[in-house]
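First up is the structure itself, then whatever we jot down about it.
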Amino acid sequence: MAGVDDLAKALESTPGGGIILTSIDAIADWARGYSLWMMPMGTACCAMELIAASFSKFDFDRHGSIPRPDPRHTDVMVVAGTITHKMAPAVKRLWAQMPDPKWCIAMGNCAVSGGIFYYDTYSVVRGVDEFLPVDIYIAGCPPRPESLQDAILRLREKVRAESISPSRVRAVEGVLPLPGDPLRGETADAAPEGSDV
Amino acid sequence: MTFLWGLLWGLAAVMFIAGGAVIGVWWERKVAARIQMRLGPQQLGPAGVLQMIADVPKLLFKEDIVPDNADKPIFRYAPMAVFAPIAMSVAVIPFWAGWAPLDSTVGMVFYLAFPSIGVLGILLSAWSSHNTLATIGGMRAAAQMVSYEVPRSLAVLSVIVLAGSLQPTEVMDAWQWWWIPLTFVGFVVYFIASIAEMNRGPFDLPEAESELVAGYFSDYSGFRWAIFMMGEYGALISASLFGAAVFLGGYRWLPGVAGLAVFLVLAMVLITAVMWIKWTFPRLRQDQLMTFCWTVLTPLAIVQLVVAGVVALWL
Amino acid sequence: MIEPQDTPTDQAAPALPDLDCAPDVVMPEVIYEGDNTIVNIGPSHPSTHGVCRVIVELDGEIVRHAEPVIGHLHRGIEKMAENRTYLQVVPLTDRLDYVGSMYANWAYCRAVERLAGIRVPERAEYIRVIVCELQRIASHMMAIGPAGADTGATSAFMYTFWQRELVVDLFESLCGARLTYNYVRPGGVSFDLPDGWIEKCREFVAQHPAAMLEIDRFLFGNVIFRARTKGIGVLDADDAVSWGASGPVARGSGVDWDLRRDDPYSVYPRFDFSIPVGDNGDVYDRTRVRLWEAIESCRIIGQALDGLAEFEPGTIKADGMPRLLAPRPGDAYDHIESARGSLGVYLVSDGSVRPYRMKVRSPAFCNLALLPLVSEGYTLSDLVVILGSLDPVFGEVDR
Amino acid sequence: MDITELREHLCGQYPDLCPLFSIEFGDGVLLVTSDRLHAAARDLKDLGFDRLGMVTAVDFGEEFELVYRLQSREMRAGIFVKTRVPRDEPRIDSVNDLWAAANWQEREVYDMFGIVFDGHPDLRRILLTDDWVGYPLRKDYENPTIIRRPDYL
């Protein structure tokens, strides 16, 4: 993303470039939100619902999301299923292979917290957020395909707050209203003075 | 001045291929969805036609990953080496009576020669990725594309023999409706060999999703990968246009703009047929692929050439 | 333009988890000195049907050796069961074979019932047979479809998955869950059939064989699919028996062994059904056996639905089931024919309310052990097809 | 073939195995000493038990009990073979030469209990990583990552 980074830096340092940057952000975020391609990291039971979500009856392609097996071509990793200590390095590696900007959906209780495998087991990582920055959590054991579609729509809202400029991303992260946050309006108003969120 | 014109034409060709690819990807997603009892893209624009308008900027703004162990300069420029020859091949397709973007006297040979240069780009990209799966994909692609070049060229040769010219516009002028039944076998051979040439199912071994994950472009991300996809769809469009022109008569069916419309519709039908085949058939294995090429397609093409030659003599 | 340090500290961005903090195990590198190529398939690969890593030694495209590395989904269910009461283990068994949850439920419940001497009412047995045969259909759809997807015909997968969705809808109206049912419990089943369920089930059973014949025609009749699967991954009958293969993998090789008929359990002896057996032991036969089993399952379901009418609704739980099972000390083993083969559960009780030891004899584990044997000498393209035809479910392989 | 017929058949063919045979919960069980396991397994295979269904172990404190589940297609019967090995030196002869199915099953038992199978061609860990410390299914297995479940049944 070096070229895009340079572009963002150049625009930020140019007077008036912020307007262009904001416009580019708007286009980029719109495009990213409507084209969230999935890296199906299905390991266990939830993988079945992940498959079901993109197949005939539920059809993810309606939302512009298609599963691609190659991490290099994807935007959002859907971790569906239990992650064990043996599997974790592979998940981490696949995450590292995905190009920025990338998001992560933890699908199912196992990926959220270890779920039913929280107690008494010696080989399960308790939640994929122990080693990946998770954006959306979906509860359920396993969640229904509709929940996953809902997660994609929520993620789309979250993507709208992204920017191609790293410093802007950092500036908005602290005040980012989470999707579905009841305090949404207030939080946005309470943004610090001078920040162009 | 000539240089400027060339630049302009080049840009036009790239825009043509890119635009075609954008529509092609959408169309393929819809066709695949229809075959698979799904709906396909729906949210952006009527029937999701604007879906690709979202996909392209997204890929443009993605991180451009160059793996550490890759041969970096080659890795960076290999996608162009795949895309450029395909964009060039569009130049000799006769769109209009007596008019092709580049009306070369050796246009037919030019068309057959240029898309095959793409195999070089594929090999380069596969090898420079430093990835076993990509390398296997590249090797498969090389073997496949070089082999299928033979029946494809022989099939086109039968039309050249009938027309007695290597210039696409002259071939089109000489075209008669009864060439369709006469060269039907040749057309089928050309069609199948073209599918193999553009690495699409059931001959998509180089990028077989269930075996090699993504084959030779496994390590490409963002827009470089998009260029590969554009190359693939460009090859599909260009092969369909060429086949619709020299085998099916293209614009010759009706005069004027209506002829162009018929030509484009014929090409669209061919494109849809290719997608239909891809989403219906299983994939061949490498040895079966080669056997099919050398023991079925090539003899058929030779027989077609002989028949065409005899008819041409008798004319 | 705001700089990062201008962000007020109390509203600072939550620290993103450090990618290098948690389980930092390096992927083991394969050290190999030889002329062949080592290709690493998995653990996340579109056609490993889960999380299996296969280290393949390739000579050109020819597989010289394929070594499956399993355990990427080893969750320690057997250990967890030792710290849960007998009823609390049932949800764990759902997660074993997640493509066919009912089987593990049933095998476990049979072992518990044998250990505690519980007699299950006949209506519950009939319901168990019905749901397990439905589950067999659903599970085989996940084996036939991927056989198409592995060879490149993705659409075939969609068609079989559609049938699976119909079964899943039936299960959902039965017990509320789409995948992990927790339906078969020690002493019976958790709910009786809801109103109208029998009619819906009959509808499904009526249309399913026709759908299967359509798959048979357009997938198994396809010339490319036949070329890709016939004579590939041949497993002969002696090897199948010696390696402990069971289910469609063994039956595809001509081993005529099905627990439903050969070690009859539950009410299976009352039904009239046949057991399809292949001849060649190749991928084609293994997959086609599954297709015909699905059709046979429809026959069993039809008969069971007829038989169900004899029993009074509501008698679905054993009488006198204690709230807390504490069977006498001892051990018990029971097995059923799951979609993947003979699935057994071995339970050891020490007289307390928790199992002392639970062991799941997993058919997929034994079938997967055949991979090095059956894939040697075929090409890389065949390897994924062979792996798919063994139909491993890694929840069950790794447990 | 039901269980009493199986006992008669077994006693007729191999009288020395007969006193070791008992019936528990409707299953035939053959309890042998660990040094005789391989010979007994061979005899049973000759008797017609052509499938090895399962190999597992149970931790009984001082000793591990190894459980082999054999099955015969011809007789349509199953039998357990049980043997005990001491915890201090858990060694037993592999039956991999009789049934290839023992290959992975014995690896699993080694992985989970640390019981060494002599004569096994490839005795490595199978489910856990190669550098794993300890044998999880032993009752005294301790691992700091385990969170104990609160004991409310």
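Think of it as A, B, C and D in the order they're written, each chain with its own count starting at 1.
By our rule, a contact is a pair of C-beta atoms (placed from the backbone, for glycine too) under 8 Å apart; a residue touches a chain by one contact, two chains touch by 3 or more.
Please read all numbers here as calculations on a predicted model, not as lab measurements.
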item: Intersection of the contact lists for subunit A and subunit D; value: C
item: Chain-chain pair with the highest tally of contacting C-beta pairs; value: A-C
item: Subunit B and subunit D, separation of their C-alpha mean positions in angstrom; value: 61
item: For subunit C paired with subunit D, centre-to-centre distance based on mean C-alpha positions, whole Å; value: 24
item: Separation of mean Cα positions, subunit B and subunit A [Å, integer]; value: 36
item: Centroid spacing, where centroids are CA-atom means, of subunit A and subunit C in whole angstrom; value: 31
item: Residues within subunit D bordering two or more other chains; value: 128-129, 136, 141, 148-149
item: For subunit A, residues that touch 2 or more chains besides their own; value: 55-56, 69, 85-86, 119-123
item: Per-residue overlap in subunit B, given as positions that touch at least 2 other chains; value: 36-38, 209, 213
item: Interchain pairs in contact, sorted by label; value: A-B, A-C, A-D, B-C, C-D
item: Partner subunit C, residues of subunit D touching it in the complex; value: 24-27, 50-54, 56, 58-59, 67, 69, 73, 76, 78, 80, 99-101, 103-105, 108, 112, 125-130, 136-137, 141, 148-149, 153
item: Interface residues, subunit A side, partner subunit D - complex; value: 85-86, 118-123, 126
item: Subunit A contact footprint on subunit C (complex, rising order); value: 1-4, 6-8, 11-14, 16-17, 19, 21-27, 43-46, 50-51, 53, 71-77, 79-80, 83-84, 91-92, 94-95, 98-99, 142, 157-158, 161-162, 165, 168, 178-180, 394-395
item: Subunit D partner contacts - residues on subunit C that touch it in the complex; value: 25, 28, 70-71, 74, 76, 78-79, 83-85, 114-115, 239, 241-244, 255, 257, 262-263, 324, 330-333, 335, 342, 344, 346, 348, 353, 356-357, 359, 361, 365-366, 368-369, 398-399
item: Residues of subunit D defined as touching subunit A within the complex; value: 128-129, 136, 141, 143, 145-149
